[in-house]
Amino acid sequence: MKNLSSSKDAITKIEEQLIQLVLKRHKLVQELQTNDGISSESLFTRMVHLAKKKKDEQMIEAIEDLFKGLSDKKKEKTFLYSREHQKEDTIVMVNGERIGNGDPHLIMGPCAVESDQQVREVAAVLKQKGVKLLRGGAFKPRTSPYDFQGLGVEGLEILSRVAREHNMAVVTEIMSADQIEEAIPFVDVIQVGSRNMQNFSLLNELGRIDKPILLKRGLSATIEEFKLAAEYILSHGNKKVILCERGIRTYETATRNTLDISAVPILKQETHLPVIVDVTHSTGRKDLLAPAAKAALAIGADGIMAEVHPDPANALSDSKQQMNLNEFEEFYSEIQHFLKRNQYELTYA
Amino acid sequence: MKNLSSSKDAITKIEEQLIQLVLKRHKLVQELQTNDGISSESLFTRMVHLAKKKKDEQMIEAIEDLFKGLSDKKKEKTFLYSREHQKEDTIVMVNGERIGNGDPHLIMGPCAVESDQQVREVAAVLKQKGVKLLRGGAFKPRTSPYDFQGLGVEGLEILSRVAREHNMAVVTEIMSADQIEEAIPFVDVIQVGSRNMQNFSLLNELGRIDKPILLKRGLSATIEEFKLAAEYILSHGNKKVILCERGIRTYETATRNTLDISAVPILKQETHLPVIVDVTHSTGRKDLLAPAAKAALAIGADGIMAEVHPDPANALSDSKQQMNLNEFEEFYSEIQHFLKRNQYELTYA
Amino acid sequence: MKNLSSSKDAITKIEEQLIQLVLKRHKLVQELQTNDGISSESLFTRMVHLAKKKKDEQMIEAIEDLFKGLSDKKKEKTFLYSREHQKEDTIVMVNGERIGNGDPHLIMGPCAVESDQQVREVAAVLKQKGVKLLRGGAFKPRTSPYDFQGLGVEGLEILSRVAREHNMAVVTEIMSADQIEEAIPFVDVIQVGSRNMQNFSLLNELGRIDKPILLKRGLSATIEEFKLAAEYILSHGNKKVILCERGIRTYETATRNTLDISAVPILKQETHLPVIVDVTHSTGRKDLLAPAAKAALAIGADGIMAEVHPDPANALSDSKQQMNLNEFEEFYSEIQHFLKRNQYELTYA
Amino acid sequence: MKNLSSSKDAITKIEEQLIQLVLKRHKLVQELQTNDGISSESLFTRMVHLAKKKKDEQMIEAIEDLFKGLSDKKKEKTFLYSREHQKEDTIVMVNGERIGNGDPHLIMGPCAVESDQQVREVAAVLKQKGVKLLRGGAFKPRTSPYDFQGLGVEGLEILSRVAREHNMAVVTEIMSADQIEEAIPFVDVIQVGSRNMQNFSLLNELGRIDKPILLKRGLSATIEEFKLAAEYILSHGNKKVILCERGIRTYETATRNTLDISAVPILKQETHLPVIVDVTHSTGRKDLLAPAAKAALAIGADGIMAEVHPDPANALSDSKQQMNLNEFEEFYSEIQHFLKRNQYELTYA
């Protein structure tokens, strides 16, 4: 242990010297400020600057270690979701769509699967417009146990059958790990709902399979927590994660939730994953779907999710916020017009 | 269909008469207001009042049907959690403690189970004070997948062994339905954490077993959603549900969460279930544990949950908010003093 | 008082009759439902419908008075801000810019006026790009009394002088009614800051002058409260009100505030006033200014406000979120490019 | 300028040396960690520790200047509201009541002054119970310009007349600086409402007078912002500031606002000012007034504010949340009972 204690002594000696230098510098800076009024940058900022000029990685690291907080930046590099870990965008392939490739993608369909006919009616209209990703809920997380809970596996069968016939892919929610196995044959993208964003048992299991996962942001999750929820999936091996901003809970009641539009560019910067926006749940208002979709695309979203139902008034869930087929056509043409002006191409159109 | 349409005609005729009467009354009220300045109650309020005097249930119902919104009140009666369904308080028996009986109960222990010795040290001190409910996490839901995830079943074994030796009961969190079976032999109260408040698959399964459930309010759950989460458990057959307010997410950062103290009397009024307050997670500050506990007891909470660790500085989770053993003794004596002044008795003291 | 009490008796008698009729109708409806399963509209809805067919205003009013809450809808029509009151868009003329005419407008400049030279440097660059509205704070509302509080009237003089020389208009904040008179000669648009959105004394006085008012949404104001704050100004006679969404306070800390992008189309629908977006305060991050501005324009904002400073690092306030001149040029060209693609024209370009 | 640049060179030289030392220390620490696994404190922590041992204030300051953020702690000392500035509790004398002396005080009265008779009826009942502080609004900040705005100076006259006759003190809100002069003769405590917590013009003027100020927390103000709003008053010379927690805006709608009960002990710790709780506005529910008051007193509040009206149903504002006279008597006796059990004395009882 001799070495250890002599090293410790050496460290203490250096610290003593550091203090003297810091003090000396402090006095000089104070003199300058008195005479000259300049506002000096913090010592730390200047030290980092000097070190960066020297391009000495270890030196930068040493300075950053001055404060533990600063190692956050460094840690960031090790997260699998981060741009530091992977510079290029992750592209998730689904049914020929390359989600995350810079083109916008649409994921549309009813809130809940109610019948073969219902899904068929919607799918036919979507197909006609070139939409290739069909959403619909078979397992429905509902606030009350007495509300319609979804058709379960029968719903998956309907979705899958109709989607196959129309050459569309199925995006649907799974609520617990034990549903994964029965769902896999019917599903192309497994959705994790807001309420389950931190259902870590589910995330871990989804990390072990080879299916794209659409992970929705929790109702009051920070962006930080959202990224770390994705990390649960990524760290168990599944790299096909799509993030979905769907509004956060605030005091404002004019909309169902508050669409946190800034989350889109933040997630695009800090992760390499595709980011889509669910305009239905974030606004909860049919009159805001097209405006919100345009804002989302303008700010860089990789896709838009919205709900369409042949007869919203009689829907078994969310009847107020689903578009009917005519409303969908208007929505579609408004988005299409916006995209054309912006020289995007709907890849499937 | 003759009957049907004649009934419809009759209804329309009544509605015509109603309109004429409403109009006539309106004019009279207007005259009165001009002459006398009285502000009249709404017609609806008066009609309900009259009907109540007659004690005619169907008449009240008929009037309430004027507006659909009013049937909410009526629906309320059918929820199993509601005071309308059950007038008397539910008392959940755990290890001889009758939670919900009007006396305050303490649930204490470390955030996470880390070792036999750690739990043993805490339990010994708690036992000495008469605390009979030992909490500790074996499965830890953590924001990052790289943080300590708990000892799992080994943690349950430690908890159970130490608790049995000290004649204490075990309160511990389960994160998914598939952990229930392995946990049951070791656990006296199963905790559902905030992140899982709307993990409906888990709630459904917990509704099918015969163990007390401590259900924590979700991070940004409304009181309404909280009650309905409890309903998931109750409606599957398990009546032993304890509600736990543990702070909600707001903009304020001085505390970890914002303790929604008003939720306690609201839940006590609207449900018949015991309501406890987790002062550790709601405040996230050791200096606020005793004050928050006193406020919680003053407002009618059935118990207090807080974290105690023999060496918080080196704890594997939540190191800043856990009390050490001395701090616990101070906390305990402050609460004890408060309770005595209020002529409560800690049943176990 | 005889009349009064006989009127009261008459009213009670009518109410008795009403109850009997409501009850009779209720029973008929129940029979129908049992036999036929039809879902009946509420009595109220049907009564309103019948009254409307008769086009008898007083009758409608009488029925609506059944419940006080229902008069809300009716009141809405009378608000001066509402589309019901004025169908066509309000256009506020400032220095030749027609704000609200469908073209986007830029309001740019430093957070606080610090010196003649500082404002001059910024104005020269803005002018070059055709920006005609120069913002800058002379009275600064600061959280701490010890922070820089602005140059006051001297700041107004600087702003005004530089703006005149560059043929630009001045947009600046006034913090209390007693500053209006001294400010008027120097100012083209008076800004009401977030903290003052419900400073009703100030709003009332601003309603009595003939200057455009830029009203910022309060930090946690609902859209409803925001509209009613505008109504304070409008109802006192000043019709030149521009609304400004600038982010709301939520739990999310990745951005300074949460840009409530949906507020833009809602305000455009429900009011006839121009709506602009302050991208600086809503995001608090320079890297998000251009993306947020594009989203705001895509969703229908009439203009963008952002902060530009010649030397942000040494700014006396908000040093982190102001663009320097190079960053502004990049921001400008990105927005310009976006607008061209969308076939807008910057009217001044 | 020769001196200046040579000083700058000297500073840069020191910074170079610092970097080399920091780097050297970093390498030593890394070696130690590899061999020994010890978790080192941050360099910063150790440097501060060393400097403190030497009791050299300037040295500590120099080190803290390494990061600007660290000076926060130091600044705190200089705030006039802080315990560092003044250890002993501030006691604000009003009409013989010593607010802040450890005993609880009640401030009661109608939301708005409506008539002499109305105030008289309430005051008589309050007086009987020994309440000495009479609240009532003469200037009412209302969300809509069309709602009752208060009786203005006439209201002040009524309040003052009735209060004098009953030997009570008047607590009432002032909405702008220009109302101060006319209000002063009638008022004993000037209230600053939530919407005006950051109306700095008003705060500055209130700092220049010699009247107690009751400052309410803003609707979504952080505790930090609340303290700094108090600092505006204190720093202009008026030391008689009473803080009032009145609920914050959150997503929860079961209560009008969310009573942030933890703010009470935090404000008591971090400031020396009296802290009271407005139970009416924080809950907005009559059924929660007594429970919330007990919680507030248990957690250490210096007083309770609540609204009482002789005929709430016909009140011109807040009709749902005001107690009638009977409800007040029940409220009073519940609080009285609670206080007696806790060996407090209502000083006036």
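Every chain is named by a letter (A, B, C and D) in the order it is written, and numbering of its residues begins at 1.
The working rule: a contact is a pair of C-beta atoms (placed from the backbone, for glycine too) under 8 Å apart; a residue touches a chain by one contact, two chains touch by 3 or more.
To keep track of the chains, here are their UniProt names: A, B, C, D = Bifunctional 3-deoxy-7-phosphoheptulonate synthase/chorismate mutase.
What you see is a predicted model; the values in this text were computed from it and never measured.
A.B. asks: Nearest 5 degrees, what's the C-alpha rotation angle taking chain A to chain C?
C.D. replies: My answer is 175 degrees for the C-alpha fit.
A.B. asks: Starting from the Cα centroid of chain D, hunt down the chain whose centroid lies farthest away.
C.D. replies: A
A.B. asks: Roughly how many whole angstrom separate the Cα centroids of chain C and chain D?
C.D. replies: About 29 Å separates the centre of chain C from that of chain D.
A.B. asks: If you average the CA atoms of chain A and of chain B, how many Å lie between those two points?
C.D. replies: Here chain A and chain B have centroids separated by 31 Å.
A.B. asks: Touching two or more other chains, which residues of chain B qualify?
C.D. replies: 220, 224, 249-251, 253
A.B. asks: Spell out the part of chain B that touches chain C in their complex, as residue ranges.
C.D. replies: Where chain B meets chain C, its residues are 3-4, 7-8, 10-12, 14-19, 21-29, 31-32, 35-36, 42-44, 46-47, 50-51, 56, 58-59, 61-63, 65-68, 220, 249-251, 253.
A.B. asks: Applying the document's contact rule, which stretches of chain C touch chain D when the two form their complex?
C.D. replies: So the residues of chain C in touch with chain D come to 141-146, 175-179, 195-196, 198-202, 218-220, 224-225, 228, 231-232, 235-236, 249.
A.B. asks: So in the complex, which bits of chain B are touching chain D?
C.D. replies: Result: residues 39, 41, 220, 222-224, 248, 250-255, 258-266, 269, 282-283, 287-288, 291-292, 294-300, 338, 341-343 of chain B touch chain D.
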